[in-house]
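What follows is a set of structures for review.
Next come two complexes, and both contain subunit A; in the first it sits with subunit B, in the second with subunit C.
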Partner chain A sequence: MTTATETIPSTPVSRRPAGTFLRLLKFTAARLFSLFVTVVIGVFLTILIANMGGYVDTIRRAEIREGIMVRVNSTNILDNLSAEDRLKRIEDMARLEEKRLGLDQPFMVRTVKYMSNALTLNLGRAQKMSSDSGSRTVRLIILERLAPTLILFGASNILLFAGSILIALNLSRNYGSFLDRVIVGLAPTSSAPGWFYGLFLIVLFAGVLRLLPFGGMVDAPPPPNRFDYFLSLLKHLVLPTVAIALSTLFLSTYNWRTFFLIFSSEDYVEMAKAKGLTSRDIERRYILRPTLPTIITNFALILIFLWTGAPILETVFNWPGLGRALFQAVGLFDIPVIVGSTVIFAYMLAITVFILDFVFALVDPRVKVGSGENRQ
Partner chain B sequence: MIAFRNSMRDLGRYPSAVAGIVLIVVFIVVSIYAMVAVPYSEAIRLWRADEGVWYKNPISAPPAWTNLFRDQKLPESMAFDSRDESVPKTVMDIGKGLQETVITYTFDYSFDSFPKEMALYFKSAYSQKQPYVSALWITPDGREIRVMDASAGSSSTYYFSQDSKLERRLGGIKPAEGLFLPPESDSHVAQRGEYQLRLTILTFEPDSAIDAEFVLYGQVHGWAGTDHLRRDLSVALLWGMPVALAFGLLAALGTTALTMIISAVGTWFGGWLDELIQRFTEINLVLPFLPILIMVGTFYSRSIWVILGVTILLSIFSGQIKAYRAIFLQVKETPYIEAARSYGASQWRIIFRYLIPRIIPVLIPQLVTIIPTFVFLEASLAVLGLGDPVLPTWGKVIDDARVNGALFQGQYYWVLEPSVLLMLTGLAFAMLGFSLDRIFNPRLRGL
Partner chain C sequence: MNTTAQLLQIENLVLHFRTEKGSVQAVDDVNFELDFNRAVVILGESGCGKTSLSKALLRLLPRNVDRYSGKVFLQGMDVMSLEDEEFRQNIRWVEMSLVPQAAMNALNPVLKVGDQVAEPVMIHLGLSKTESLGLVYKMFQHVGVPADFVHRYPFELSGGMRQRVALAMALVTSPSLIVLDEPTSALDLLTQANIMNVLKRIKHELGTSFILITHDIATSSELADEVAIMYAGQIVETGDASDFFPAPLHPYSQMLMASVPRLRSDSDPIFITGQPPSLMNPPAGCRFAARCPYRFEKCAEEPPVFQKGKRKVKCWLHQ
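Moving on to the complex of A and B:
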């Protein structure tokens, strides 16, 4: 068992034998490949759901016809044709365009094509929504909204992970104390999602006390100064972060504290105590180290659950992120944006799973040493 | 059976479990009451808020019990109909086919604040000439204020607040306030006592008849308050209970049972089936659950049953399958399975009679603990505007409140009532589930 938990990520090559690094690399590559396949299948299923009623196709056909109508009306090439001939001509042009775009192909072929477009977020133009910079390209709309979402969930997840581990360690040290019993008692409150606590927080801190803003990401108008902008962002971050924390913190601390307690009753911990190691060393080497894989798996599930809740949390807090874009797209029935947001959520889930897998590989000796199964 | 009784006894030792059970029983009783008291079709009709269903309710009024915390008591709504026996109505023939109808509404006003609005709803029958109404307002100290002089059509409404003549007569004060203010006083507190509104109606045809309903719109209403469409929130709060319970229980049961069976079958047969299930679980992990539900809700159907089905489908291949698989893999190797095999039990018999029952103790706490997740999921979808189009649910009330700015306007009751109910439901199942987990999971015992 190694103790150098914190040195591995920074310099894996110099400190570790080459074999371990290679194995890690191989593991990562295999994981990346399998995740990519997973995402492709996931997006395919998503598209299938979105297109099952032929919605996407109907809309694209309508778009083609509309475009041709506009083109025909803006010039006077066809003016001397009779109305019937004109309609026939427009119909022909539309059919040609459909053929060009492959809309005359069988359903499955089309779906696969659409999937590859969706995978590259090449979804064309939004029907009603536009980005803040005025563009109507779906990719731009989505990329613009990505940053706020990453800020919100990045900040809250890091806080959540660090906070939970620290509190859980503290509780396992003071097992049975008042605080311990309070946290155990509060664990069931984590059955409510973040947006739900968000409502109460908004009522209390924004509505009654008027301390914090109701929602949004920065003040309106945004402060010109960088520092002020950052402060304003922090101010707006408080409530959503607290809401996320409230919905998960108690449960995760409760779970992790229990893991720590279970592992601290192992024989080798008793042995270490008998050897006279300091409690700090025991905690780091013999309790934290073996529980990390379990904790990371647990955290992965929490993360995935949190991602899933993004649309609604961002809606409640008016946070201009991806989730809210999805919500707005639903309201406007803007199908390309809905499909695009769903796809990017799939990407983010996959990236989350990958990062956690990677960290898992770093802390799980079975992967590093190469024994046992690589998957899971 | 004995084991079951023992675990029940153990449950009694956890106060949170007892509290959870009590709450759940209360919810079930309330659900049954709601379904009996307000039948399904009636609930839907009420919630659709057609014209003429809720017109007697004030808009966005907090519940009446909030008066307990107020110094100035806010008025409750009152309605008097001349078709009722309790409202005196006399019809007198004064010759030449003319009739004089006198309707007197008498009511006791014991509040400090003023009504939001007052209105008279007329229903009259005539062939040529509309009846003519003059109304007199009589305050507790005997002042008589002329209120209305106008003809009333077959179905017409007189709003006190829209009568600018009356407002001028009251010295520029809004009628709903001016009619209740004590004379020659600077205070802005309504005069308590017995008020009277006397309508004297002349009808000009022998078979002409008229009835009038007087509605005083209060500032508080019922035990639950009203929303922006005058709907009584008690309908949604009551009916939200069975909907939430049904959705939570069915989704949790369906998901857990299917996950368990699939996991057992996969583990037992192993090979490509097991591998397929494993890969499927991984794909499901990157499928964005809520966005897909949103897509289904937008493109296909918002019916709660469709959403329930999709929810179950998407939740079957969850991370839980791996946890069950680990247990099944252990159980598969135990001697009693070997014994079952040797006496010639069929594959399915082994799966359903020997494999699955072993996992039930792990399963029950899990089942109870995930119920709140689904209850909240239903609310989440409603808050996103994808709630069932016809059913009154808690989530829809929260959504209405949010969309109509209840939080900004201080109508906290509107958000808090359904939220507290959701919270209680979630807590009840979570508390019970946590206690069950400790009982069935010996490693957690005492931790």
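Moving on to the complex of A and C:
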């Protein structure tokens, strides 16, 4: 007996149709362009806001005049001039100083020029802040602060992410258990930010128990030997990491546990069970693998999200990172540093999103980069 | 203890679920037998416990199981007494496989179908991936799927093809029994006929036994050697298909058969008034009594199973 469909010729399917490379190129270019536009808009708005729409210029002009006035009044060089001439001289000196700083140009022109410099990472010189090595170059200040931020948030994020996924998988297996109910009950602890818990942790573990340092990244003076330096770094990492964990772990575990519960009731998971797969294989190939795109996205977004809490958390723990640098810069109206940090944040975000697009296509066969076909 | 060495023997199988409102008696005291190379069709309305029966057989239980008991013998082996791990290693896909309801969703969207079909071979027969894929090619031929589909993902296949892949998956380890849970309900008529033909051919060529769970009476009559009618969690009638289809015994079976529309006949298809009883607290006595036109005093007591030649029926009318 034959069936009708058996006569279907088994046409060899080319997995890589012609023009894929071109399509990929087009997609990449379009995506890069749109992300770049987003970054430009973000940076432009930051410059506008950091300058208070031009009001900071007024403050700086007044500062210049006041500075010159003080200098003139403290010497007697111009004492023989008439009051009118003296004012004129002061005004000339102020003009010169404004010209030197570029304040004579219209605000918008300067903003656009400034933005194009910022976007090419030509971040200029800080007005008030300096790097630990004494340099005023914004790029140096930021690079110096970037590493500690990456250490703190990178370490705690990876730890938290892996932890919450593993615990969540376990909970979804034993859902309704005592531990499950405890975690669900603790989920509202995430309504307070990390620095909030940080304050209590510092009081308890540094202030009362004197087990851990109050803040900073390493002991002062820094241990000369590499191993001791590392140990000291770990010791300083404990409290901020625990603070971040307290503010995110339970909610994120709760989220993932519910997510895995939903996906473990899919038909294909039951089918895998019926096929006699071990529960380890089922978890790996039938629960984690199909949900990998979501897990990766979440990982990347959590990283970005945690950074937004960096300024306060780093300030509370006196952590020499980018977040604290931004906090200080805001307090000092140091616009180049504010803009510089924003540019770095914006670029990191754009790069993350861009990489995500490609990782998605890699891990999910249903996503085909730049293709309009094969959608079902 | 079992010397008849039937392929499958189910005795007093019970599966109750716990819900907030009470216990749902999805499968209640089910008995039946099936021999090698035979196909039994289990017919019944939606919600009468057909799918729960298939789950009970493969021990695919949800968390809220209230009661799960009875005896199931597969070639004389008491499978209900096996530990979960033994059951996984020795029964699932070795002795018994499943083509699930909505086989369309039974494939993992991110794994190639060939790999998914090969999985049980690698686990249960211990073959390498290449050897397993060789077997998969063979099975794809059996069910009419082009061989190069092994490298495709489920979303690249049509519904009928996915159904065939699910069928190939059930066949690939050559189990002696395959449970088909409404394998054709989501497909168009041509594809349905095709799949039924494939099943018939497989039964003929490979000697597999089938439990076909469906409410599609017309399509299933093609394949059936035996028929079992299920109502409200119980099997109310069993018998050979050749005896059953011309003259069903149980009033419910008669009305179920009469509900199939017929060509060139003036009589309207009959429908059964009322609804099947809630499985939460089924009525005492005969569960069909409330809807039965032949109801009499006896029906207040639960009817035993009466033997009528080779046929069995659970109704006082056939005392």
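Everything below uses one rule, namely that the second predicted complex is superposed on the first by the 259 of 376 C-alpha atoms of A that agree within 3 Å, B and C clash if a C-alpha of one lies under 4 Å from a C-alpha of the other, contacts with A are read in each partner's own complex, and residues count from 1 in each chain.
We take it that contacts are C-beta pairs under 8 Å (C-beta built on N, C-alpha and C of every residue); 3 or more make two chains touch, one makes a residue touch a chain.
If you're wondering where the values come from, they're calculated on a predicted model, not measured in any experiment.
Visitor: Does the superposition put A:G309 against subunit B (first), subunit C (second), both, or neither?
Guide: It touches subunit B, and subunit C stays clear.
Visitor: Would you check which partner chain A:G276 touches, where first means subunit B only, second means subunit C only, and both and neither mean what they say?
Guide: In the superposed model, A:G276 contacts subunit C only, not subunit B.
Visitor: See if subunit A has more residues touched by subunit B or by subunit C, and give me that chain.
Guide: Of subunit B and subunit C, B contacts more residues of subunit A.
Visitor: Kindly classify A:L211 by the partners it touches after superposition: subunit B alone (first), subunit C alone (second), both, or neither?
Guide: neither
Visitor: Could you say whether A:V203 touches subunit B, subunit C, both of them, or neither, answering first, second, both or neither?
Guide: A:V203 sits against subunit B, while subunit C stays out of touch.
Visitor: I'd like to know which partner A:M69 touches here: subunit B for first, subunit C for second, both or neither.
Guide: A:M69: touches no partner chain.
Visitor: Who does A:L301 touch here: subunit B (first), subunit C (second), both, or neither?
Guide: The first partner, subunit B, only.
Visitor: If I apply the document's touch criterion, which positions on subunit A are contacted by subunit B in one structure and by subunit C in the other?
Guide: 175, 376
Visitor: Going by the contact rule set out above, which residues of subunit B touch subunit A in the complex?
Guide: Within the complex, subunit B contacts subunit A at residues 16, 279, 282-283, 285-292, 294-300, 319, 322, 369, 372-373, 376, 379-380, 383-386, 398, 402, 407-408, 410, 412, 415-416, 419, 422-423, 426-427, 429-431, 433-434, 443-444, 447.
Visitor: Applying the document's contact rule, which stretches of subunit A touch subunit C when the two form their complex?
Guide: Per the stated touch rule, the residues are 1, 3-6, 8-13, 15, 175-176, 266-268, 270-278, 281, 285-286, 289-290, 292, 363-366, 374, 376.
Visitor: Could you pull out which subunit A residues touch subunit B in their complex?
Guide: 34-35, 38-39, 41-42, 45-46, 49-50, 52-53, 55, 175, 185, 187-193, 195-196, 199-200, 202-203, 206-207, 214, 258, 261-262, 301, 304, 307-312, 315-316, 326-327, 330-331, 333, 338-339, 341-342, 345-346, 349-350, 353, 376
Visitor: Taking the complex as given, what residues does subunit C use to touch subunit A?
Guide: Within the complex, subunit C contacts subunit A at residues 58, 60, 63, 88-89, 91-94, 97-98, 100, 102, 105-111, 119-120, 123-124, 144, 146-149, 151-153, 155-156, 160, 169, 190, 194, 197-198, 200-201.
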